[in-house]
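Take a look at the structures listed below.
Note that chain A is present in both complexes that follow, paired respectively with chain B and with chain C.
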Partner chain A sequence: MASVNWRYSNWLPIIAVALYVTVPVLCSIYYAVFPGGRFSLAAYSVITDDASLAAAATRTLLIAGLTIVTLVATLVPAVLAVHLWAPRLRPVLEILCTLPLVVPPIALAAGVVALLRWGAQQGRGSLASEISQFIQHPDLPLILVGTYVVLCLPFTFRSIDAGLRTIPLKAMVEGSSSLGSSVWGTVWRVVIPNIRGPVLFSVFFATAVCLGEFAIAATLNRETIPVWLFTVSNTNFRASIAIAVLLNLSTWILLLVATLSAGRFSALGKAKRKAAALDEATTLEKEAH
Partner chain B sequence: MTEATTTVRETAGNDVVFDGITKSFGSTQVLQSIDLHISSGELVTVLGPSGCGKTTALRILAGFEKPTSGRVLVNGQDITSVPANRRGIGMVFQAYSLFPNLSVQENVEYGLRVRRVNRDKRAARAQELLEMCGLTEFASRYPHQLSGGQQQRVALARALAIQPGVLLLDEPLSALDAIVRSQIREEIRRLQQQLGITTMFVTHDQEEALSIADRVAVLKDGVIEQLDEPRTIYQKPSTEFVARFVGSVTEVGVDPQYRGGALPVQHPDAGLDTLFVRPEDITLVPDEDGPCTVISQIYTGERTVVRATNPVNDLDVTSSVSASEASDLTPGTRVTPQVMSTPALRVAAHGQSPAERVIV
Partner chain C sequence: MSVPVTPTPGSAPGAPPGAAAPGGGAPGVSPGARPRLVSRARWEGVTTALRSPAVIALAPLTLIIAVFFLVPIFGMFTIAFAVQTDDGGTGIGLDNFLDLSSHSRAMRNSVLVSVVGSLIAAIAGAITAFCIAQIKSERLDSVVAVFSSVLANDGGAPLAFSFIVTLGNTGIIFGLLGLEAIGFTLYSWQGLVAMYQYFLIPTMIMVTLPTFVGLRKEWIEANISLGGSRLTFWWRVGIPIATPALLGGWILLFGSAFATYASAAVLIGSGGFPLIPLSIDSLLGSGLGAGGQSTAMALGVTMVVIAVVVLFFFNRLQRRSARWLQ
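And then the complex of A and B:
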């Protein structure tokens, strides 16, 4: 009896958390697709009716893509370099990368606004003003890419750093270079394949951040999907909820993929699956005989 | 950056020269003006306790460390400033360091892939090496599916695949158990002789060093104490350190006039010569008035190691005898130790130079 009780109490917090997370989503879904108690997808007609949604979606995806490329292309080499050649600088890089966690996004936004305003005040046609104009262009606000890269630094650093710690990096690099490979050849052929999990995890996590960030985009008045949702909620509340549900679910799926990929795409996992496939093939072969 | 096109010719058997190599890390001097010449096709083991600089010497030859001063020459060419990936030197590490994301075959092909050898040639060469190292059936496995010994064989095949002129082995056997260790040791020697590769083998295990080498370099505190054939290192060590570090030895003090025969067992002291005697050079003669008492017998198969002690000064004498001789030397027997042949080393009482050898 006691053990049964224990088992129930074990599940209790999990159920509580599950309810806490799913009830608002379920309510949103109900509200979006059961207007007046009858099933209807009318709310989703906004996708085709409102051209600004498509524009906002394209913009958001573009920003997400650029953010990911910038993030991976700068941070992976940086963390790698610190691990290989300057282990003493690792704590410095760690602190730098963790800093965004303690700065509230709104403070970040205020700083960015101040900077852009300063640029604009340098006078028409001046270089600073041109740059300021360029990076806050409404079609593709590059300033958001930069800001989101900064927002993503803490967990991307952690993930890649942890990935590099679990592999015998120095031995790999030395083994590879004794076989004639340049450092970048080694990184491409050996290091990256062995930290594929952590890198993919960072990619998916960054995507989730880019799809959900509101404070900075709203402050800069650049229409990304979250900002669009906020604007539309004033006029067409049901549509905003309908799209929010879609966004929410796709983010969840991304996070799920991220979590799975961390295990699935790791070198070891890949090797294990290959081995399992091989075993299976040989058994089949044996059965055939 | 383009991939390495080996600047060092890919012909087996290049000679290696360490020319006055010094290496310091901060204020610690790890290597002090090392001069070492490894002839073409020769296997030299570098033997020493941990921290003696042996791995640093190897890493300098591999190109992973830059010497503070001095030059490294391979086949007459100064390669001191050539980066590791352009030296064409094969290396086997203590921790295997295979690439976990690549299969055994892909690991062996790696160096050829870097050199842009075409797929068919690569596969053929890898097959040849896997066969040579007895790994054919493991070609499609991944490193984590292999035992330590198998992994080290793969590492060896991988290093040999690029047809290196020089092969470096950094304590390759120390992570393996005894049986596998001696198997792979013999295999390394066989392949090395078959291919005629100049080889530098670093180890802290003296048995390993003696059994595999053409010559042994004993290193202590960054200085080569002795460089000789294994037999000479064991039978005629040139310093006290070498005598103590390689093989077991009994140290006794004798009168400068002592010329062999019954050994007065006393501690080395001022005014006395110090003898370093190998167990097989000492006989224990049963003698009721002998100064020593047998305290233990250790049976090792072919030989039995008998230890006797002088109860007055607690000095132990170690002798190695055949099984039949051992039957007379049960613990408790009084014995007189005798030195039967030239001791490994005799250090004169007043001579400050340690290597003054006197025939007894």
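And then the complex of A and C:
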């Protein structure tokens, strides 16, 4: 009896942590859809009623799309290059990509503000001030795209780097080029499909970062969804809770899919599943005999 | 990579693509001619190198990192260390860091919240990870690994909103548990500590679970066959092996709590309860007072330094614990 109790007591801290994690979300959902104890989706009418939310959502999704494209289009070739042609530069690239980890977003925001102000001070019409204006454009703040790519780098670099290390990259590229394919044709048709997992991880992780980032967008006064939440919470608190729940759940789902896809499509996972399938097949065969 | 290759006279200059490194132009010296600063061969070597796939592939990312990361950080450091000299010029000095004494309250708050929050989360997370490892279910381990990594990355504005609804002054759980009676209020260091647990505990579980799972069965068996008890196992084997991971996890949590901005900004706003990240924001927002901006940059540099120290020790401790866990 005592040993049974001991075994179940292992679950207590796990259940406590699980409760701690779920209760705030459940409370938010309750607050959002049970105003005054009766079920109502009135709080979500802000989606159709408030044009500023639609604008913020469009802006955020546009930033997310551009961030994903830029991230994948620049990171994958760079990691490929250090694996294929310049192995001595790999540590340099690794350090460069990991460095953003030591700079808290608010500190990066401070640096970006300093840079943009310096650009603006160069006088009207000067190239620096034009560029500063252009990348801060309220509808499409490219400065956020660039900084979000940087924020994603530490995690996505590691994922893609590990993905390329598990496949026989050199043999693939040599084989493909001896069959007459160009370098970029090889990359597109052979290499990318083999690192689908890490690339998908990068896509979902970057989306989650773009949907959740607050420090830089708020400091630069660009209204993305999280900043909109903060602004609107002063006037319509229930609506901001309602949207925060949606945002939180979608971030969870994105990160979940990111983590799963990193494991699921990885060469290692594939090999493991294949081995398991083989095991099963052989035991079945044995049983049949 | 960039071993200088001296081309034999008469041969075509320029290395084959793939052998050419960025900036590794071959110094071409044609016989008889005086070497010029930029000889034709060197120029062609450089252009060949620039056309090599390695350079083409690395250039865009390097450009992005430079423009959106290195230059802003460099600018931040420059402003933070720039001081007005007596003759009106600018020099390098620590004056901006001396201004930080006026932010000692924010510094104290930040350290207090981070130390208390990370300590509680480290203990709670380690106990939870230990229990998860004790259950010895591979499926549970992988589910926990996925969920803890998801939650460790959580913690933006929505988190603060959900805590306001849950534990705020009119919060659902706040009323249910009668937290008012014990003097708890969300809009203080207690609230910040409680809110930070939401992503700190999963981070701790994520960092320490592999260690607890990795404590090998053979070690427990060896301990028993040598006549040791459960207690001797933990005292002599388990705890010494787990200590670096636990310590590293705690340091990482401290850094993570110290750098948290979004949820604290939504919960506390400006004023009320100053923290270093909030002070940076309000100094930047205060506009054109040049003094304010350089103090903000000095605070930013301080945060970077703290993060560097944290990650340095975390890495060292992780490596030490990894030695035992393959």
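Keep in mind that, in the parts below, the second predicted complex is superposed on the first by the 248 of 289 C-alpha atoms of A that agree within 3 Å, B and C clash if a C-alpha of one lies under 4 Å from a C-alpha of the other, contacts with A are read in each partner's own complex, and residues count from 1 in each chain.
Basically, contacts are C-beta pairs under 8 Å (C-beta built on N, C-alpha and C of every residue); 3 or more make two chains touch, one makes a residue touch a chain.
In this text, all values refer to a predicted model and were calculated from it rather than measured experimentally.
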{"item": "Partner chain(s) touched by A:L127 [first = chain B, second = chain C, both, neither]", "value": "neither"}
{"item": "Partner chain in contact with A:I95 - chain B first, chain C second, else both or neither", "value": "neither"}
{"item": "Touched partner set for A:A51, first chain B, second chain C, both or neither", "value": "neither"}
{"item": "Touched partner set for A:M172, first chain B, second chain C, both or neither", "value": "first"}
{"item": "Touched partner set for A:T147, first chain B, second chain C, both or neither", "value": "second"}
{"item": "Touching partner for A:L247 - first (chain B), second (chain C), both, neither", "value": "second"}
{"item": "Contact breadth on chain A, by residue count: chain C or chain B", "value": "C"}
{"item": "Partner chain(s) touched by A:G180 [first = chain B, second = chain C, both, neither]", "value": "first"}
{"item": "Touched partner set for A:P226, first chain B, second chain C, both or neither", "value": "second"}
{"item": "Contact residues of chain A, present in both the chain B and the chain C interface", "value": "183"}
{"item": "Residue numbers on chain C that touch chain A, as the complex places them", "value": "1, 18, 21-22, 52-54, 56-58, 60-62, 64-65, 67-69, 71-76, 79, 124, 127-128, 131-132, 134-135, 144, 146-147, 149-151, 153-154, 156-159, 161-163, 165-167, 171-173, 197-198, 201-202, 205, 258-259, 261-262, 265-266, 277, 280-281, 284-285, 293, 296-297, 299-301, 303-304, 307-308, 311"}
{"item": "Contacting residues of chain A [partner chain C, same complex]", "value": "10-14, 16-17, 20-21, 23-25, 27-28, 30-31, 70, 73-75, 77-78, 80-82, 84-86, 88-89, 93, 96-97, 99-115, 117-118, 143, 146-147, 149-150, 153, 183, 208, 212-215, 218-219, 226-227, 229-230, 233, 240-241, 244-245, 247-248, 251-252, 255-256, 259-260, 263"}
{"item": "Residue ranges of chain B in contact with chain A within the complex", "value": "1-4, 6, 62-64, 83-91, 93, 95, 97-102, 110-111, 113-115, 140-142, 144-145, 158-159, 162, 168"}
{"item": "Chain B-touching residues of chain A, taken from the complex the two chains share", "value": "167-168, 171-172, 174-185, 189-190, 193-194, 267-268, 270-271, 274-275, 278"}
